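Each of the next two complexes has chain A plus one other chain: chain B in the first, chain C in the second.
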Partner chain A sequence: MSKTLAWLSSLLIQGALWLAAFISVFPFYWMIAGATNTANDITGGKISFGSHLIENITKFFTLVDAPRVFANSFFVAITGTVLTLIVTSLAGYGFEIFRSRTRDRIFGGLLFLLSVPFAALMIPLFVMFSKAGLANTFAAVLLPGIAAIFMIFYFRQSTRAFPHELRDAARIDGLKEWQIFAYIYVPVMRSTYAAAMIIVFMTNWNAYLWPLIVLQTNEMKTITLVVASLASAYTPDYGLIMVANVLATLPTILVFFLLQRRFVEGMLGGVK
Partner chain B sequence: MAMTSVTRQENRAGWAFIMPALVLLGLFMVYPILWSLWMSLQTGKGMNLHFGGFANIIRLTKDPVFQHALSNTLIFLVVQVPIMIVLALLFAVALNNPRLKGRAILRTAIFLPCVTSLVAYSVLFKSMFAVDGVVNDTLMFLHIIRQPIGWMIDPFWAKVLIILAITWRWTGYNMVFYLAALQNIDPSIYEAARIDGVPPRARFFRLTIPMLKPVILFTTVLSTIGTLQLFDEVNTITASAGVGGAPADATLTLSLYIYNLTFRFMPTYGYAATVSWLIVIMVGILSWIQFQVAKER
Partner chain C sequence: MKHFTFSWRKGLLAAAGIQLLTATMALATEVTVWCWAPEFNGAAMNEAIARYTASHPDVKITVVDFAKGDLEQKLQTQLASGQTEGLPDIVLIEDYGAQKYLLSFPGAFEPLTDKIDYSQFADYKVALATVDGQTYSLPFDSGASGLFYRSDLLAEAGYDAAALQDVTWDQIIEIGKAVKAKTGKPLFSIDQNDAGAIRIMMQSAGSWYFNPDGSVHIKDNPVFKAALTTWVKMLQTPDLYKQVSGWGDYTGAFNNGDVAAVFTGVWMTGGIKNNNMPGKWAVAPTPKLDGVDGATHYSNLGGSSWYVLSSAPSKDAAIDFLKTIWAGDVDFYQKILVGQGAFSSYLPARNGPAYSATDDYFGGQAVWANFSDWQAKIPGVNYGIFTNEADAAVVTQLPGLVAGGDIDAAIEAIDAQVAAQIQ
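For the complex of A and B:
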């Protein structure tokens, strides 16, 4: 009796998980199928592939200055990721390795800052960048996000797994503090960096509200902003929007699958 | 006192490592926060601001649009966050079972929604939930509903749609935190409980939940902050003709209202800053309550 019950419940769990997986993946299929269909087919619920792929792609490339838009997106995402990883890993390392009462207090203060919503910052930030003549520049898009507090927390937490013996040995060998960081910490913490990179790259690539506010002209827009503005039309042309969506999602999917193994290790706090 | 363990040279290195972050945070967080606090005490249009004391707070109490945005945001918070956290926990526990077939595929599939941008997935949802769209077709095919649901026309269903969308996007993200935490638990604890005859449900409530408490607290606080700042979805999925929060402000959130006050209507920075400080205060209070609840249990 209890054996049938256990078998039944495991079947139920399996079923629920596969259903959840299906629901999670279906919109991706929907997006790819949609790129081959017309707007009317899409809002009419057509789930099979159509024959309008070339037409949608052509429409997208005539309407949108695609090379420019993707260059903008890649520039913002890559620069933002590199700078964020440098600044936040330095800070996380500094807070954990060189502990002092003052620095511990400052770290506690960061916890408060983490809870401040962006909505509270966006008006002063917008006025600040406008006054500084930096409105409509990538500097304005990037600067406020570089010192991501969440990432400082993450790097500090991960630094606890960094073996002290390595650092002690390096000091005996006469390495300076920055050399220990650059030549020992960074290579040892590869998994941590990979996990952080996935998260930061996605955040930068997908950023919407702040770029929407500071980037005003078309030649500065990122793909995320372009998708949003295409979708906000009175009658959105979903065929071409799906083409834009596939192109906008491809880079983050690639980054995720390339680094997936390291991502899991990094989340688990592994040192490899 | 703490200086005894750190030499002067080390102390200097410690400051050098954290300085870039501190300078950036000072310029782009601390300064704007203080400035917006100052702004919230001022009234006027555009940059023509003058000191108004509590005028903005009085205006809050008389502003029906604000109250609408506040109640919408709270509804999203109270309904969506618990659903998502519970789902994420259940998935994580189920996927943590080493005997489960297809674990890696299931884990990747359920995590996959997190790679989409909020805008991209919002557009997908908007098209799938069209009146003649694939979701209504499926529900009618399965005889769950008789008539198509006006997801973006009906105020109630518009809210449901936003909740479904956020749950789709973030459940896998929270699940990963729980999975990571579960894998750090020593399996021998479970083995011992199993041998002692503790049933699965008791193992879940007496062992798993207490051990995951710090992670659950962490994700709950993060989700609360995220939901209180909800913007992208309601500015895309339930936007009509470029104006978010449709139909008739049924999905207007506080962040969207701040955006409207600042960039869509005649800018009223002072009042918008007041609304944003209300979010800060709410985040503070809710996080504090969540910490207290976690401490008691």
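For the complex of A and C:
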């Protein structure tokens, strides 16, 4: 009796997991299959692979200045990730290690700011950057995101797991504060950094609304803007759009799989 | 002290460098154009640019394309911020939104009334971009509407081209039932969240959600009531249509042969010609509203126009470019008609060869000449500022109406919702 029950519950769990896996994986499959079909096939509901991949790819590379667009996207994503990780991990470390009542209040204030929607900040931000002569520059794309409050919060939480004994030992060995951060904290927290890196890279790579507002010329466009523009055709060429989507998704998938193990550790708050 | 002189000198050098840079840049006049749909608007604009720069090598015109919603968001953010730097010289705006931009941002756009001869453009296109006697647009593509249908399927059900020249929407319902019975295919693909049909019906009888002065014209508008009643009646006839969701689904249905017809703007012609059914399509005039004063077979769906920003540094070059090509080059319009299916509202263009050509894809019909004739008769209406809000109010009431709700109560509710939103 209990054996059948166990078997039944495992079947249910398996079924639910398979369903969840299908729901999250199927769109990816359809995107890849779509890249090999014509627009009419796709809107007609065809979900098997077709023979138009080369044609769609050729179309994409003739219509889009791909090297430029991807160079822009990579520049924004990589520079943004590096700068964000440096600033937010320093801040998170600082807030946790050098605690004081004032700093905790500042931190509380920062968390409160998380609740302000970006749409409310967009126009003032644009005025600021435009007045500073930074409209249509990558600096304008990157600067507002570098001190990402959520990431500061994330690093502060993770720093709680950072053993104080290590810091004390390093102090006794005569390391200065910045050396403790650079030589002790960073290597120890690499799982945390890996998880943060995936999140920040994805955010920067997929950034849409703000780059859309501040970037103004074709030379500066990132891949997300190009995909959106392709999709706005009067009779959208879905095969072409799917090729663009596959190419736009690849880097984030790659980064994720490269750092997957560390991502899981980092999310669980691991300290190595 | 020494350090100071050094950096000061360096600064001077940098300043000189920047000046040199701007001096070289000033040699060429640069004009920037923002638009959406690169394969349509962008391609037409690039053709115009090639023609203009051939005779004006000192002008450099660049097209920057965005998704339509993105372009609107960018433009709105920037106009609201008051920072004109980085705004384009020329921007494409959809006709339904024209009044909103012109009235919300007075002074942002350049009036072209004394620079362009507007008598050469379709009246309704000029009317929609006119505020206080000043016209601001260079009217571009027309949204003249028509009924595209599969001639093979309708013939099977017993309807030839002549039978479709003068039909009402009520007759369309009967035709739809016959087509479904004979061929097994519904006539239309319909997305209930799209109020395009209501817009087509209203404008065909010279009416809109708003009065010319901008006040709401819904509650006591017999045309709106007739349009809504007709549309609900159509939605209550399941044999008439295949229910779809979203643009891809909607276009997919007729491009894959699932449904037998589509009523839409002339800009769909290119899409239909891509669906690989040569000789099986034809176009009839838009069906007419039953029992409405001033009902016609002529209406409009969508369409957009070019506007010049008054803050633009190369404003004069931009205006000269629009005037020379877009308001003067008949041959240009033939080229973009053939290439992009971009159907212009520049009336002299219809005398060109491409506009009178017949098309074998449409069984030898002179499609463009038909649309030209229809376009000239489209009643002009004032789209006002809140068309999208009114659309949304209509769409909200539709499910209840289709389920048999009271039409007058629904109209009251729509009127109240729109009135509340525009205050």
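Just so we're on the same page, the second predicted complex is superposed on the first by the 265 of 272 C-alpha atoms of A that agree within 3 Å, B and C clash if a C-alpha of one lies under 4 Å from a C-alpha of the other, contacts with A are read in each partner's own complex, and residues count from 1 in each chain.
One rule holds in what follows: a residue touches a chain if its C-beta (ideal position, glycine included) is under 8 Å from a C-beta of that chain, and two chains touch if they have at least 3 such contacts.
Here the structure is a predicted model, which means the values were calculated and not measured.
Chemist: Will chain C clash with chain B on chain A after the two structures are superposed, or do they fit?
Modeler: Aligned on chain A, chain B and chain C clash with each other.
Chemist: Does the superposition put A:87 against chain B (first), chain C (second), both, or neither?
Modeler: In the superposed model, A:87 contacts chain B only, not chain C.
Chemist: In the overlaid three-chain picture, which partner chain does A:216 touch, first (chain B) or second (chain C), both, or neither?
Modeler: In the superposed model, A:216 contacts chain C only, not chain B.
Chemist: Give the label of whichever partner, chain B or chain C, reaches more residues of chain A.
Modeler: Touching more of chain A: B.
Chemist: Between chain B (first) and chain C (second), which does A:144 come into contact with in this model arrangement: first, second, both, or neither?
Modeler: After superposing on A, A:144 lies in contact with chain B but is clear of chain C.
Chemist: Who does A:231 touch here: chain B (first), chain C (second), both, or neither?
Modeler: It touches chain B and chain C both.
Chemist: Taking the superposition as given, does A:260 touch the first partner, chain B, the second, chain C, both, or neither?
Modeler: first
Chemist: Check whether A:135 is in contact with chain B, with chain C, with both or with neither, and answer first, second, both or neither.
Modeler: After superposition on chain A, A:135 lies in contact with chain C alone.
Chemist: Which partner does A:63 contact after superposing on A: first (chain B), second (chain C), both, neither?
Modeler: In the superposition, A:63 contacts chain C only.
Chemist: So which bit of chain B gets in the way of chain C here: 94-102, 256-264 or 274-282?
Modeler: 256-264
Chemist: Shared contact residues on chain A for chain B and chain C?
Modeler: 42-45, 122-123, 126-127, 209, 213, 228, 231-234, 236, 238
Chemist: Over in the complex, which chain A residues touch chain C? Could you list them?
Modeler: 39-40, 42-45, 63, 122-123, 126-127, 130-131, 135-136, 209, 212-213, 216-218, 225, 228-238
Chemist: Under the stated contact criterion, what part of chain A meets chain B in this complex?
Modeler: Within the complex, chain A touches chain B at residues 13-14, 16-18, 20-25, 27-28, 30-31, 34, 42-47, 86-88, 90-91, 93-95, 97-101, 103-104, 106, 110, 113-128, 143-144, 146-147, 149, 152, 177-178, 181, 202, 205-206, 208-209, 213, 224, 227-228, 231-234, 236, 238, 241-242, 245, 248-249, 252-253, 256, 260, 267-269.
Chemist: Any idea which chain B residues touch chain A in the complex?
Modeler: 1-3, 5-6, 10-11, 13-18, 20-22, 24-25, 27-33, 35-36, 39, 47, 87, 91, 94-95, 100-102, 105-106, 108-128, 130-137, 168, 171-172, 176-177, 180, 183-184, 221, 225, 228-229, 231-232, 235-236, 239-242, 254-255, 258-259, 262-263, 269, 272-273, 275-277, 279-280, 283-284, 287
Chemist: Would you tell me which residues of chain C are touching chain A in their complex?
Modeler: My answer: residues 32, 36-40, 62-70, 73-74, 77-78, 80-83, 85-86, 247-249, 251-253, 255-256, 258, 267-268, 270-271, 274-276.
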